[in-house]
Amino acid sequence: MLIAVISLAVMGGLFGIILGIAGKKFAVEVDPRVEELLNFMPGANCGACGMAGCGAFAEAIVAGEVNPRLCAPGGASLYEKIAAIMGTDVSSYEERKVAQLLCQGGFEQSKMLYEYKGVHDCHLALANFKGPKACNYGCVRMGNCSRVCPFGAIQMGSDGLPVINFYLCTGCNKCVVECPQQILQLVGVSRQVHVRCLNTDKGKDARPICTTACIKCKLCEKNCPEDAVHVVPFGNGTVALVDYEKCTNCGICAAKCPTKAIQKNAAISEEVLREIGIPKDEEPGCQSCGVCKPL
Amino acid sequence: MTTQNDLLLVTSSPHIHSPDNVPNAMRDVLLALLPALLCGLYFFGLPALGVIVSCVVSAYVSELLCLKAMGKEVRITEQSAAVTGLLLSFCLPPALPIWMAALGSAFAIVIVKHLFGGLGQNVFNPALIGRAFLLASFPVAMTHWSKPLDGVTTATPLGILKEATGQPLPHLSELFIGTVAGSIGETSAIAILIGGCYLLYRGHIDWRTPVSFLGTVFLLTAVVGTIKGGGIQYPLFHLLSGGLLMGAFFMATDWVTTPVTKLGRILFGCGCGSLVVLIRLKGGYPEGVAYSILLMNVVTPLIDRYTKQRVFGGGQSNG
Amino acid sequence: MSLMQEFTKGIIKENPLFRLVLGTCPALAVTTSVENGLGMGAAFTGVLLASNIAISLMRSIIPASVRIPAYVVIIASFVTMTDQLMHAFTPSLYKALGIFIPLIVVNCIILGRAEAFASRNSVLPSIMDALGMGLGFTIALGLVSAFREVLGAGSFLGIQILPESIPAILMILPPGGFITLGCLLALLNKLQKKYAW
Amino acid sequence: MGDIIKLGLFLMMVAAVAGLGVGYVNIKAAPLIEKQILEEKIRSFKEVYPEGDKVENETAKYLTAPDKILKEVNIAYKNGTPAGVLYLAETKGYAGPVTILAGFDQASGKITAVKVLNQTETPGLGAKAKDPAFQNRYKGKDSAVALEVSKTPPTKENQIQAITASTITSKAVTKGVNAAREHFVATFGATKQVKTGTVQ
Amino acid sequence: MSKATFKGGIHVTGHKELTSQATTTVAAVPDKLYIPLSQHIGAACAPLVHVGDRVKKGQCIGDVKNFVSSPIHATVSGSVAAIEVMEHPGGSFVPCIVIENDRLEEWHESIKAHPDPAQLSPDEIRAIVLEAGIVGMGGATFPSHVKYSPVEGKSADTVILNGVECEPYLTSDHRLMLEKSDRIVAGLGYIMKCVGCRRGVIAIEDNKMDAVAVLQEAARSNPAISVVVMKEKYPQGSEKQLIYACTGREVPVGGLPIAVGVIVNNVGTAAAVADAVEFGIPLIERYVTVSGDAVQKPTNYLARVGTLFSELIAQSGGTVGEVERVISGGPMMGKTVFSPDVPIVKGSSGIVVLTKPTGQSRTEYPCVRCAKCVDVCPAFLEPTSIVKLAKRNKWDEAETANVMSCIECGSCVYVCPAQIPLVQYIRRAKQAVLAGKAKAAAVK
Amino acid sequence: MQEYLIIIVSAVLINNIVLSQFLGICPFLGVSKKLSSSLGMGGAVSFVLVLSGAITWVVRHYILVPFDIGYMQTVAFILIIASLVQFVEMVMRKFTPPLYKALGIYLPLITTNCAVLGVAIINVQKDFSFGKAMTHSLAHSAGFTLALVLMSGIRERMEDADIPESMQGTPIALVIAALMSISFLGFSGLI
């Protein structure tokens, strides 16, 4: 009994001292804030920030190398937490952005050039005469954006066009980068009026191939009370574009647009967005047993 | 805007295709199994028929249920489930209760095939897992062998060899024709060879796998035979007995669960051969074909990974 | 969180085996019969309860840098005590569980609860937490072992309920453990999707 | 430096308290455990040789050289005189070692009983060696002839019917019994009575 | 005689008997010709004429801006009706010069025969080739003068003329070899002189033994030229596979044939070189096969560049049955067009019109790992593995799996029992890898 | 010699530590998604397993047995293993950062890897000599690495498989393990 106590105590003491010495001797500094930040990160490792993952991003924030705003999925709630941990000001952070589709050329609206068969991939379909649709500027409808979305926010709708769920969209920019036609754009959540067509051809060329194309009639320009929408040079031609800085979401242009290329959407509440939060990666990499926490 | 019907088709090259497709290939496999099926029915009669039918029906029903449950397209023309069921029944003893056969078949299709995503995505050969599952679950029923034609309980040739019970070993010609005890479809070497040659002729299987498999078994048993003083009889006995031929031609050549590279297939065959000899001579079971192929199935992803071919124009040739 | 919630969370919401997939080793190894499974669950619960209490009591005096060795020593001594008591009082169960009694030490649930819960909470919630987690684990083991014993040996709690030729022996062999746990997890995943607790 | 000592001391204290606790439980439990083991042993001895009233481990005396199979030789006494021999034998089964206890009656030269103590054989197959139905097949066999395993119902006196589909396990048990039998015949055979005076 | 070949590849039903036996028809010249400004790999031409200008046959109407480019010429005399964007058989939209045919067939003044072609220096030959707008006529349309230009540190020792024509249906090269064997041999001589090598090889598949005989006869005068018979196998005509079969040399990954001292040209190119060198005629017409199960009378034509596909199909008696696709080139590597109103360009070797295939539907199955694609791949790739990576957008891993070595011959798709469009996935992966590289280069 | 061979074959193939003994399942399921990481985990476990096998043997034979405190074995062993893992981690981190990057992230997981303690206890139960104990430890770590590597090969292949949603992740890993375990039944009765 006594021997048991003594021998175990000696062993305990010995290991304690060894570990203590080792801890001192072999210490490697790790900023505790990195761990703390990591707890609040979305954990999707989506790479929207341009880093190798959430861990790398957290380290970079602590090192003061990056703007926390780069984490699109985190949203305003994350910026607040980062600000609290890092002791910085949150007010400078921008409005959260979501992806908007700037094309309405579904099966009903746009004329087809040919029947496409093969792998459903926008890039591949575009390689043949700029896509099966007669319009060379719109959505190719092969669903690449839906496949790259890490949050399942984009589904292909019944008219062939992607439908974006703004409550799931985190503005991570992946679909925008993927889209070969560049008709997906990140726009602040509060913006409700969008010109949903990027066809820069003249009205007489655009009209026959798509019923909802921008025909450059300038009715929007003439009716806008805020001077916020203009037909401007774009690509090889011109197209109507909304100046989001000036737009007040009044929707007059949308009402006037003869082809309904301009649309006004229902408002998306940022409060709801914040509460929903970001879905974490399903697969638990950590099993929360706790041993891995640094000493 | 109305739908346009007069459009030409624009697609990617090539624009022509060989008549080969998956259903055709499955039908060819079924055809290749026909000789062994007839032999099995002739030698083992009604009980064998019961086992075969219950396996195939159970496989088919499980397949349909799985596809339905997972909301996948049901393709009646595709007979891979029937192939699995038939192959499984071929490596079962004829006197097996038919509910066990059906259970094994369902296990093979549901657990081994559809939980892994269905056709083409399973890692293990479903029929062989079905057999291994039954062997581990119902060892008594699964080792109850009967004599061909009269149905009297007896031991398999390999069983006699392993247990050294003193019973006389069957003659090689008996093994060749199939008048020995054993699983329904594996006793007749000639029937399996006919089917195997048909598959080779149709180009559905690569000669490398069966040749390296059988070659390895032959070489290793020849060495053992020489040491034991059994002469050429000994390796031939091993080649013709048990499920070796069936395994080499129909199981080890399964597209889905074997390597895709040529070198990989040779390694796969050699690995199977060595394991068969190891299990038969040293292991607990008289027969090791099923386990050897399953074990090599486990290694297949690694074989594929490490036997990548040299690309054309990419340095020194090695394969 | 109320004490009751601390207790119930371990049974369904954070069930250590089914939801957190912890403690899989004993869940596979000792679940060949319901008796063994429940015995393991009881031993486990005992150790978890004791260690949670001890660590919760000492939580303010343990220095962070030797936290893990200290926890491990505490847990190990409770395990050894349990081991000896079981050897003395329930010898047949002791024999059946074998090496897995000392291996309770390395059951990640216990260390995990120590780290994640007991070291941050007072004694009473820690007790509830341990009881809940213990019960959850025991139920899970019971469920797994019930499947395996009935299907593999045709008996339940040692009472034969199926004729001897029916059960599939595979279920009480190692592969049966993997399959049972895998299918149960999948089933619970499906149920969870359906009823979203 | 002080930190390190403190850590060491703390861990030491924890370890000491833990040791104290474990030690205390051990003191209380150890006798119980020993009693358990002893009772278990006596129970199996009783099962294998029910008539004895005292059993002595006399391995050192009868097994001068370590044996590959036989591990223990116990002599059962009835009313102070040696009446039976109990062998503890270990052989290699299908999945691992099989330990058996075989009892022999000196007067009749017959096997009184065989009991499988430990095995790791496949459940449902080799593990059936623990079933009384199988163990009873050895009861009353004569020690003079070597036992052999048969797959079919025995036709000869010295045959033991194997467990279905578990010939290897059956053979392992029989091998242990045969080893014990040989030793018994060689040492305690009808011609060589147990030397008197060995009783302490 | 042992027949040369490569490892891998497939056997395809040729359907060549449809057109191989009949003499080539000179196609009727239409009223309007559409001459795309880009008929070659490289930078497009700048138009030298304006709407309303009168042009003569053989007049240069589009000039080169870059080294890798090739001029275009008017193929008839007439007036420029328009310069408009049109469908191009390569799968894009390209500006075309539309010429209204005045049916005078008046040659441009610059076209005159050379008095003594044998005296031309290599540089002069190369200049003529450039002026004549000659590009690879097998379909790749790589400007020939670029191919003949010396590369630093490398020299060619062999010129291989590709008369393999392994694509099904196509027989234009076959007819050309039978009908213009002397032009081919002469052209080969000029090319050899131009690149300064002493060995010329004409490679022909063994299904065209009549062409072999004719060319052997024609080449008898020149001992440096030999005819090699190749085994009939697809894609025997692929450059790298052809070089391996003829010389046993493997063009290194990412390298050009010149890296192993070989220059490969189509037989048609050689004939065009001979015409340009001796008579000064630029590349304005070519042999085109019009075939396929939807064509009433499959025929070989000698057609002007700029003739519409639809014109030639009409001359062949129109179509039968439900037309599903119109292919520019052969069915293995050719491209479908969305309308037959698309002009013939310098690289158009054939027009194949196919009906909807009957019988079993071509539904895609999951990959069953049969590895037939691996067995047939002439580049020794694992198409199935690459496709799996491409499906998951793993471009880096696809690059390590040598996706860039794929020659897109389509053999894998042809044999795939699961009907997976492997080549398309591979093309996507190649696209993405190139895009990634371009991005990386831009960052630097 | 033959005894050693039997120990090796038995530990690697027949009684594979993961597939038949159910030790070390957590890391087996958790770290087997990528071949590279499973090699790393296998390496780290082997290292710790062999080292702790040696130390526990010494401690048992020179401390526990002489002082007759065999019952303290669990406490002593786990103390050794936990400290060893931490010590190795710290040393690696300081002196071989590349190795730490490769193996280090797996090290903390090893404390709760029951394979390490399990093998140490089996060494005691079977009363192995030092040489046998080391062979046994090595063979078991080889068996662990083998199972892990094979598993990761399969799981890499399963990455693009169309697995039913509720089976994805751990459930399918368990089913793969089950089928591997069935295959390994073929080795039973060997030796």
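By letter and in written order, the chains are A, B, C, D, E and F; residue numbering begins at 1 in each of them.
The working rule: a contact is a pair of C-beta atoms (placed from the backbone, for glycine too) under 8 Å apart; a residue touches a chain by one contact, two chains touch by 3 or more.
On a predicted model such as this, the values are computed, not experimentally measured, just so you know.
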If a chain touches chain A and chain E alike, it appears here
B, F
When E-F is set beside B-F, which has more C-beta pairs in contact?
B-F
Among the chains, which one keeps its Cα centre farthest from the Cα centre of chain E?
D
Mind checking the centre-to-centre distance between chain D and chain F? Centres are C-alpha means, answer in whole Å.
33
Whole-Å distance, chain B centre to chain E centre, using C-alpha means?
47
Rounded Å distance between chain C and chain E, as computed from the means of their C-alpha atoms
71
Among all residues of chain F, which ones touch two or more of the remaining chains?
26, 69, 71-72, 75, 79, 83, 86, 111-112, 162, 164, 167, 172, 175, 179, 182, 185, 188-189
Residues in chain E with touches to at least two other chains are numbered 335-336, 338, 366, 421, 424, 427
Where chain A touches two or more other chains simultaneously, the residues are 4, 7-8, 11-12, 15-16, 19-20, 23, 113-114, 118-119, 124, 128-129, 287, 289, 291, 295
Per the touch rule above, enumerate the chain pairs that touch, sorted by label.
A-B, A-C, A-D, A-E, A-F, B-C, B-D, B-E, B-F, C-D, C-F, D-F, E-F
Partner chain C, residues of chain B touching it in the complex:
103, 111, 133, 136-141
How about chain A: which of its residues touch chain C in the complex?
12, 15-16, 19-20, 23, 284, 287-291, 293, 295
Of chain D, residues touching chain C in the complex
6-7, 10-11, 14-15, 18-19, 21-22, 25-26, 29-30, 32-33, 36, 40, 122-125
Listed in rising order, the residues of chain C that touch chain D in the complex are 32, 62-63, 65-66, 69-70, 73-74, 76-77, 80-81, 84-85, 87-89, 91, 152-153, 167, 169, 172-173
Residue ranges of chain A in contact with chain B within the complex
107-119, 124, 128-129, 132, 211
